[in-house]
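Here subunit A shows up in two complexes: once beside subunit B, once beside subunit C.
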Partner chain A sequence: MAITFQPSAYSGLVDQDNGMVSREIFVNADIYAEEQERIFTRAWLFVGHESQVAKPGDFFVSSMGEESVILCRDRQGEIHVFLNSCMHRGMKVCRYDEGNTPIFTCPYHGWSFATDGALVGVPFYKDAYHEELDKSQWSLIRVPKMVNYKGGIWATWDPNAPDFLDYIGGFKTYLDILFDGWDGSEGGTEIIGGIEKWMVPSNWKFPAENFIGDRYHNISHRSVDLVGIGPSGQGRRDNSEREGAKSLDVSFPERGHGTVMFLRPEHAQPVPSYQNDPIVADYFYQCEIARKERQGQLWRILAGPGTIFPNMSFLPRQPRSIAVWHPRGPDQTEVWRWFLVDRSAPPEVKEFLRQYYIRYSGPAGLTEQDDMENWNYAHSASRGAMARRHHYNYQMGMGYAVTDFEDGGLKLDGTVLDTTKARAGEQNQRGFYSRWREFMAARDWDELATWRNGNGSAC
Partner chain B sequence: MADIVNLFEVEPGQTVRLHGNATAEVVSNPRDGVWLFVRYLTSPDDPDQVGAEDMVFAQDVLELVTD
Partner chain C sequence: MVVANDPLAMLLLKQDVEAFLYHEANLLDDRRYEDWLDLLTDDVRYWVPMRRNVKFGELEREFTREGQDINWFDEGKDTLTRRVNQILTGVHWAEEPLSRISHLVTNVEIVGVTPSASDAEEVALRCRFIIYRNRVATETDILVGRREDTLRRGDGGWRIAQRQVFLDQNVLLAKNLTFFF
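Moving on, here comes the complex of A and B:
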């Protein structure tokens, strides 16, 4: 029997006070359907990168929630995001992953649209429509809000959503680390290679919460650490730069974003990394020196995995990449992973990173294989009638976070849990599900923009 | 009756005969198999179209006049 959830029911499913979350929100088809309406039509979503549509006519077919969208650059050089659905009968007007085209033609009846979305071709326009069809009213559906932030293309279907930087808030610090050049130069990144795409039999929130700050699952990757796939021949990453660093979990619960990071000591200096190749090692060492000079205290931040609510996750350092967890039903997630490099990096560096990314991430990457196994079986083992009666536990570190973190003169926005001694915490996950509950219950952005009432940090 | 024109094989510069007995030079081909961008050379039903550029639908392309 289908269960209809009233907005008030979500507070029972996400029990913030007791650190518990119902399994229903992961496996229930009705809740999943509500998510499409309440979350994916209202939140800002990552669509792609400007380097994927570098030339006029370039397009990349992406996804916003379940819905196919076209990211493209028109003949005048403007970037657009359109719903990939013909205005006549709804057929996809583009069924390629990417390419270059002067027009998008629907194969069903032949309506065609220019790269700025305008309806330009209507078969039998003169004889059948008697030239009375107002083409200007039948352009492709355009997202009402889109932004190009340092090369990352984001969009939302909600015209009343706050501006992107207001949506991001204090999390901008960590997003900048992802999209800026390694030397700290503004927006100096590009996508390398293709986009890895694969299906995981799990709800989309499993990977989203994993990336927002699950240090606890480190044990899952022990075999990878033993193999030593890292860029200096040990572990899976370079950890020497974390020497003496504090381990911090940073959450912005009023927005749903979060990340884990390491904070280097106040007087730390760059240390060698990427030791498997002298050219690459020198490149990153010089970049670290330049970034320290450029950023001062912020250079101390060694950003780790993070999630921007709802479904964009990233690794800003090693291996530098973006993942989007596209919902494909309560029990399926289509994962897309982009890989980033410095645009100005030498070819040797880009190729070294490409190889490292392949062996770390994606369906064939050693680390991501571990994660997929966890999400797969955690999900399937939570679907049964008995399993659904029991909540997940998110109580780790409750009551130990601060909102006024400061270290050596560096103040951090957000709610910060020092996990240096504890080694793990779950405040970021609690923040994520707290925000999820707000999205599911709120009527509109007047209610969702809680920070405007003094709750949380504004940008 | 002329064979159906395979629009994927039509090249810019070729001339096509269109519905209404008009002729047009192919300006570009988006290679979607559905549309051609053309410039009208003749248009008995609408002489004002001559010289104008337009998109023509596959079913309106009757035959290739030149190879």
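Moving on, here comes the complex of A and C:
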């Protein structure tokens, strides 16, 4: 592998002081190859949801970076994640998307692996291997660290990575909104069947930075706003709850995560929403009251899109969903999309949301169709020799963020940019790329866990 | 294939239905989207499932379920009309400039007729399609699959009451689905 860029070179590619990022990091094949080593084998990655492997023997084939992995619940009920590659000659041991199985048998030479990844069957074990092969050493490669956080299954290949909650830090507040029930009940969500998977001809970082908080691209969605698909019949979304709210961009640059949100006024009360359907409207109204009761001040947060570094993005409000941007070469991204609903919601609510999710999201979604067009042609128009000489501009709102945000008694962690008047800012993107640079340059997690030394870099 | 006790009526019906399908394809390819909407009944169901790799013997789980799972499309006329209106805004960037599209419809078979071929009010048919989409400069998608339609006789001719589209892809290779099947 040709390594064109020494670690020190990355500071020139991501110029934090001037708010600029080189196009090379999106289009250069050598940098892409380095990302696979330095980011995707070290970061925590989203693998799937526990409701996808509810019963013993259930499996869901997922992806960590470029590589296929199997998420599986073993016969004892324990969840595992292992590399989908036979230890003998590398064949994919499972080429199904999901299902239930007592065993994974490699179709090439017949090695078979139990649902916990252990090698249990080797053809000609007695005659050809003379019973000398130590099967315990040839289990499928298991991830050294895995966590089930409120139903979301995450894993990392780096045994020295910090624990997941340390990796997430103060961003936990926003991840909780995604996975908790709408009434605030812990982990009260489940996946609707059917994971969207499709290819986008763009580098994986384009969608990741779009979801981390690009409020600036409203013009992209002008057409859907004109025709209206929202749950109250107009626009893209239901905005009645935003009355009087502040618009805040929240970044955790030392970790790379970020989100945008609206913060309701201190004494705000739940307001009716989803008024196309009385059952749905009543459900959300009751949930809002229950959540306000549970969460107090935190209830004021109306969470928007966000990204957990590097490639897991989400929408905690409707269309409530998770997107993972799997890298497939510098110029291709395979998008996987999971959709969440409250497990205990009435069938009418689940059905209402299912229909809204479909018409909003993914390749057929009236909103997101236009996003793919942007990522496609922004990427392809950045590949040329001339284009590469010129950095992208990320200067919006530089120098206006605070690290001690407080409003009506609610203090927020992270670096907060108030975009109520500005309407947009790019501090979240700057935070994402400064973390990207650290990942590309750092030797190990001792260097990457900057917050342990109080060295979190602001931007 | 329906066992027809009136082969001539069946032949004429097939000719009639095929002419309708080609007319419909032409409306889409000629970008006459509003005229195309007029060919759909008010209660039309339009369903395009996603498709999984599943074990032999579990093929009933191959497709995501209509009305229950996430599907590429699972909707009626209201949403389809909004899709047309979105293209007609002129600022739907995924279709601006408009794509060049050809629908090739083939392997047409009538699989059910009500009440009979000679005075058919409703026809169930199966066909194959190739959709070729080319847009901007070199961007090209080719989507191939099976379609199952229910046509109902309305004022002025056939109307589409149900369309089910089974794509021959697992990971969708097109970046978006801004067109109709």
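We take it that the second predicted complex is superposed on the first by the 452 of 459 C-alpha atoms of A that agree within 3 Å, B and C clash if a C-alpha of one lies under 4 Å from a C-alpha of the other, contacts with A are read in each partner's own complex, and residues count from 1 in each chain.
Assume a residue touches a chain if its C-beta (ideal position, glycine included) is under 8 Å from a C-beta of that chain, and two chains touch if they have at least 3 such contacts.
Keep in mind that what you see is a predicted model, and the values were worked out from it rather than measured.
J.: Overlaying the two complexes on subunit A, which is it for subunit B and subunit C: clash or fit?
T.: They fit side by side.
J.: Could you read off the angle at the CA centre of subunit A, spanning the centres of subunit B and subunit C, to the nearest 10°?
T.: Roughly 70 degrees separate the directions to subunit B and subunit C.
J.: Thinking of the overlay built on chain A, is A:Leu226 touched by subunit B (first), by subunit C (second), by both, or by neither?
T.: Touch partner of A:Leu226: subunit C, not subunit B.
J.: Residues of subunit A touched: more by subunit B or subunit C?
T.: More residues of subunit A are touched by C.
J.: Identify the partner contact of A:Phe124: answer first if only subunit B is touched, second if only subunit C is, both if each is, neither if none is.
T.: So A:Phe124 only meets subunit B here.
J.: Scan A:Asn148 for contacts with subunit B and subunit C and give back first, second, both or neither.
T.: Neither partner.
J.: Return first, second, both or neither, reflecting whether A:Asn218 touches subunit B, subunit C, both chains, or no partner chain.
T.: Once the two structures are laid over each other on A, A:Asn218 reaches no partner at all.
J.: Using the touch definition from the top, say if A:Pro363 reaches subunit B (first), subunit C (second), both or neither.
T.: A:Pro363 sits against subunit C, while subunit B stays out of touch.
J.: Answer with first, second, both or neither: which of subunit B and subunit C does A:Ile103 touch in the superposed model?
T.: first
J.: On the A-aligned overlay, A:Ser112 touches which partner chain: subunit B = first, subunit C = second, or both, or neither?
T.: The answer is first: A:Ser112 touches subunit B but not subunit C.
J.: Which value in Å is the smallest Cα separation between subunit B and subunit C when the structures are fitted on chain A?
T.: 8
J.: Between subunit B and subunit C, which residues of subunit A are contacted by each of them?
T.: 101
J.: Within the complex, which stretch of subunit C touches subunit A?
T.: It is residues 48-50, 52-55, 58, 61, 64-65, 67-75, 79, 82-83, 85-86, 89, 91-95, 136, 139, 170-178 of subunit C that touch subunit A.
J.: Quick check: in the complex, which residue numbers of subunit A touch subunit B?
T.: 101-103, 105, 107, 110, 112, 120-121, 123-124
J.: For subunit B, which residues count as touching subunit A in their complex?
T.: 28, 30, 32, 34-35, 37, 55, 57-59
J.: Given the complex with subunit C, which residues does subunit A contribute to the contact?
T.: Touch residues, subunit A against subunit C: 95-99, 101, 192-201, 220, 222-224, 226-229, 334, 339, 351, 354-355, 357-359, 362-364, 366, 368-370, 372-374, 376-377.
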